[in-house]
Amino acid sequence: MSVLQALDIGLAFLVFAVAAWTIFAPGAFAATVGYVVYGLLLSLVWIRLFAVDVALTEAAIGSGVTGVLLIGAAARLRAAETAGREKSLSGLSRLLVAVLCVLVALALAGVVLLLPDQGPSLAPQSMQHLPETGLGNPVTAVLIAYRAFDTMLEKVVLVLAVVGVWSLAADRYWGGAPGEARAQRPEPTLAFLAQILAPLGILVGIHVFWVGADAPGGAFQGGAILAAMWIIVMMARLTEAPQTKAFWLRLALVAGPVVFLAAGVAGAIFAGGFFAYPPGFAKPAILFIEAFMVLSIAVTLPMLVAGPPRREPRR
Amino acid sequence: MTSATLAGLVGAALVGLGLYGLIANPQPLRKILAFNLMGSGIFLVFGIVARKGAAAGLQADPVPQAMVITGIVVAFAASALAVALVLRLFEDTGQATLNPDAWTKPPDGGAGAE
Amino acid sequence: MTAGASAIAATAGGSLLPLAILLPALGVLMSLLLGGRRAEWIALGLMPVEFAVAVAIACLVWRSGQPLVYTLAGYTPPLGIALRADGFSAVMLITAGLIAPAAALYARANFATPPETEKRAPLVFWTLLQGIQAALSLVFLGGDLFNLYVGLELLTFAAVPLVSLDGRPETVAAALRYLLFALFGSVFYLLGVALLYGAYGTLDIALLAPLVRPEPAVWLAAGLMTAGLLAKTALFPLHLWLPPAHANAPAAASAVLSGLVVKGSFFLVVRLWFDVLATLPGVIPGTILAALGSAAILSGSVLALRQARLKLLIAYSTVAQIGYLFLMFPLATGPWAADAFSGGIMQALSHAFAKAAMFLSAGLIAESLGHDRIAGLSGAARALPVTFLALGLGGLSLMGLPPSGGFAAKWLLMKASIEAGQWVWAVVMAAGGLLAGGYLYRVLAPALSGESPQLKKAPARSRESVALALALVALLLAFAPPSFFTFLQIGRPAAGVALQ
Amino acid sequence: MSLVVDLFSIVAIGAGVFFFVAGTVGLLRFPDALSRLHALTKADNLGLGLVVLGLLPRSESLLAALKLVAIWALVQLAGATAAQLVGRAVRRKGTAA
């Protein structure tokens, strides 16, 4: 057994152990913290699978932003854990559920072991058409060219999620701002961190987006890093969340999907098909669309974390 | 055993664990955690499918990778909506429970909104 | 199988297919951006255009006798994504294109925005209604299993917040439970997608169909995807989320949720077993589905009989009527297959219109009386004759009495099951019809007798006619000509043949 | 020359790992939050610092080396902030559990 294999097995056990902790930990808060650790370990697994783009996304969104969201919720729900007695399942049904879950996992493991070592693949086709897109990173090409339709609609999913979260506001708060007001005296430590980190993070985010055309990275990952910076600045209460009725906010939320959709329709007019790029202009067109997607992701994720409006709108 | 197969087995185990948490854990927040865990197990299955599709000079098939990226973003959006619902429930009732008694109270109409 | 080159090459007029999805998607984005009353105007303005697109798609399918195909971004599958419209898709598109505007016209009274402001419920309603339209178009037209996953997620995100629109805690809890079931369904579906890609390296339905072999990965994928879709369709025993969710939503939203949204995931179950997995031996899985369907028919009807509130009764009747949809699966092999298929689709259509009509009527009843307690409905039909007519005509279709679409559906299914020698489904259907008669009698009998009650406010004629029109469509389906059933078979040469 | 570099890397990374292990043991075994915090910051500071130091001569380019140093600096910043916040929370609660 090589050292790398030993490390792989160690990592596998660690991931499994932390995952089991998030399911079985006695307190919800502890379980949530476990989940964040789990997400970071998982990005290491993704690196071992040679999927660096996914590793970046998992670290930034799967663990990072989701972690902030869930820890925030767990902290606010701490009171509920002691207040409400939950009806839990009886011992027998727990056992039945456990048996079912073990069966599903075993069946899945069996199928995974049966998969051939060299499976079917679209890698050759992805590489064959890569020059048409002018990109160097095939994952970005799949997201923004070959399967552009998926990606555009997934942006619409994010917009619907924002509408859904906002819909949970009380009527009188509609149009107001979510989250807490800007503090007179922000928490000094967090403010210090935010002031140093945010400029750096913005640079890193734009960098990750920019290199995504040719190297691991891209609009999702870059946008998520920018989003994280805004979240930190809001957490430090250096600034407050914008009013949800603000036109600039709405514009930033929908800019990505609208530009993507418009480019898709333009493709039907100028390039012979919906979401097709004119030959020779593919790369500038893709970067143009991606720039707006970065903006929308950077605004959407913090808005989803911030939750529904909680203050009355100002005139 | 290759690291890809190992990751696949971890994925299978995560799906099992997540499914258990989703069904057996009564607290909504824990169900959301379990859903995320199960989701990431499924993404790992995509991951080994991608890794086993290494070809044309690529270490992994880019198509499943792109699907995972899409999936991670959708899973986050789903968590955000679920968390917003749980918090709203908690603010209104002081509890965050899916106990059916909470909504089968005698009706007051159901005349629609407004 | 006609898969291969012809199934993935774009056809003339195919560019209508992305339009059917992109128009409502653009409506969602613009409604949020411009806000206020403009959301309503955008929704109402786009609906006729979207309906025209649906009709145009149906005409093209009809004229060519072949499915309409479009490949997006100029990349053919497996690398690119294809959209496909067969007879079934076209019919479902038109159904959605009729019911969504009906719900919208009805909802204008509930979700009006005063000038110069923006209100929460109207903006959310008009935006998400268009979200549901976009999602359903994608579900009906998608030719790629992962693209369909995105469609399912769109549908979930558009549907769940409608349930909790009025913000009472029980509606929030119902929405949360709905979301958790839907997410469970999504991840199971997605896991199946991963396994199919791992086995065959493509997710395009037309390319996948001839490759599929009965092997472990495929069986597991089929089981997981079906279970996930059943959770979203609310087939027994995964139906627990549906009654509180559909009963607590505003009436216009309930009509869309019960009439259309559950049909989206049902549509994908049909796609899965009739198109993707057509080469698998489908008798045992089909029998399991039909057995669950039977359990749904009986348990849903019995529970509907015991409800105290009209909207809950109608919601439980949805649980029962969903059961009928699954009786077509064990009958998919043999000379009766075409009848079974037609019957199943007819049930989906007639239930969509009938249930939408009933929820809209129930909403009018609740607004007029100030409550929807069944015990307090005595004499109400005298005060609200048109509303109760719509409710009753919708109920006719649920019971399966002639002349109604529900009768046509149940008659075709019954004929197929008797020809196939599978009597048990016919018995279940007969029992379900009787039970449906029972729960409708509970509502209609007291409403038709006794003193006419004082109305809090009289319902608007226009809103009553919307409900009545939907109920009439459910009736008119009974007179569907044979060519309609031929149309449903377009794009489906495999059904009945490949299953041998 | 390469032997010296290898030796340097091994010693530095080994020392780094030692501090990580010590920090982790402290985290698990120390009785109260503040002393656990104390143990943990040693792992952050010295452990990661020594690992980075050991990796520096092995980096392929100056840019890669700078990235390594930047990672260390960022972890310093994040770790210090987190320790501050945890410490303050402990003091506010009054209990050092």
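Quick notes on this one:
As written, the chain order gives the labels A, B, C and D, with residue 1 at the start of each chain.
As a working rule, a residue touches a chain if its C-beta (ideal position, glycine included) is under 8 Å from a C-beta of that chain, and two chains touch if they have at least 3 such contacts.
Just so we're clear, the structure is a prediction, and the values are computed from it rather than from any experiment.
Every chain gets a centre from its CA atoms, and the centre nearest the mean of all protein CA atoms is that of B. Chain C and chain D have Cα centroids separated by 57 Å. Taking each chain's centre as the mean of its C-alpha atoms, chain A lies 13 Å from chain B.
Averaged C-alpha coordinates give centres for chain B and chain C that are 25 Å from one another. One inter-chain figure worth recording: chain A and chain D are separated by 28 Å, centre to centre, where each centre is the mean of the chain's CA atoms. Chain D has no residue in contact with two or more other chains. Looking at chain A, one finds that residues 108, 115, 119-122, 126, 146-147, 150, 154, 157, 161, 164, 168 touch two or more other chains. Shared contact sites, meaning residues of chain C that touch two or more other chains, fall at 79, 121, 146, 150, 153, 157, 160-161, 164-165, 167, 172, 191, 195, 198, 201. Checking each pair of chains for touch leaves A-B, A-C, A-D, B-C. Here chain A touches chain D in the complex through residues 187, 189-190, 192-193, 196-197, 200, going by the rule given at the top.
Against chain A, in their complex, chain C makes its touches with residues 10, 15, 18, 21-22, 25-26, 28-30, 32-33, 35, 70-75, 78-81, 118-121, 123-124, 127-128, 131, 134, 138, 146-147, 150-151, 153-154, 157-158, 160-161, 164-165, 167, 172, 191, 195, 198-202, 216-217, 220.
Chain A meets chain B in the complex at residues 4-5, 8-9, 12, 15-16, 19-20, 22-23, 28, 31-32, 35, 38-39, 42, 45-46, 48-51, 53-54, 57-58, 61-62, 65-66, 69-70, 73-74, 76-77, 79-81, 83-84, 86-89, 94, 97-98, 100-102, 104-106, 108-109, 112-113, 115-124, 126-128, 138-139, 141-143, 146-147, 150-151, 154, 157-158, 161, 164-165, 168, 218, 220, 301, 304-305, 307-308. Across the complex, chain A meets chain C through its residues 107-108, 110-111, 114-115, 119-122, 125-126, 129, 145-150, 153-154, 156-157, 159-164, 166-171, 174-175, 245, 247, 250-251, 253-254, 257-258, 261, 264-265, 267-268, 271-277.
For chain D in complex with chain A, the residues that touch the partner chain are 74, 77-78, 81, 84-85, 88.
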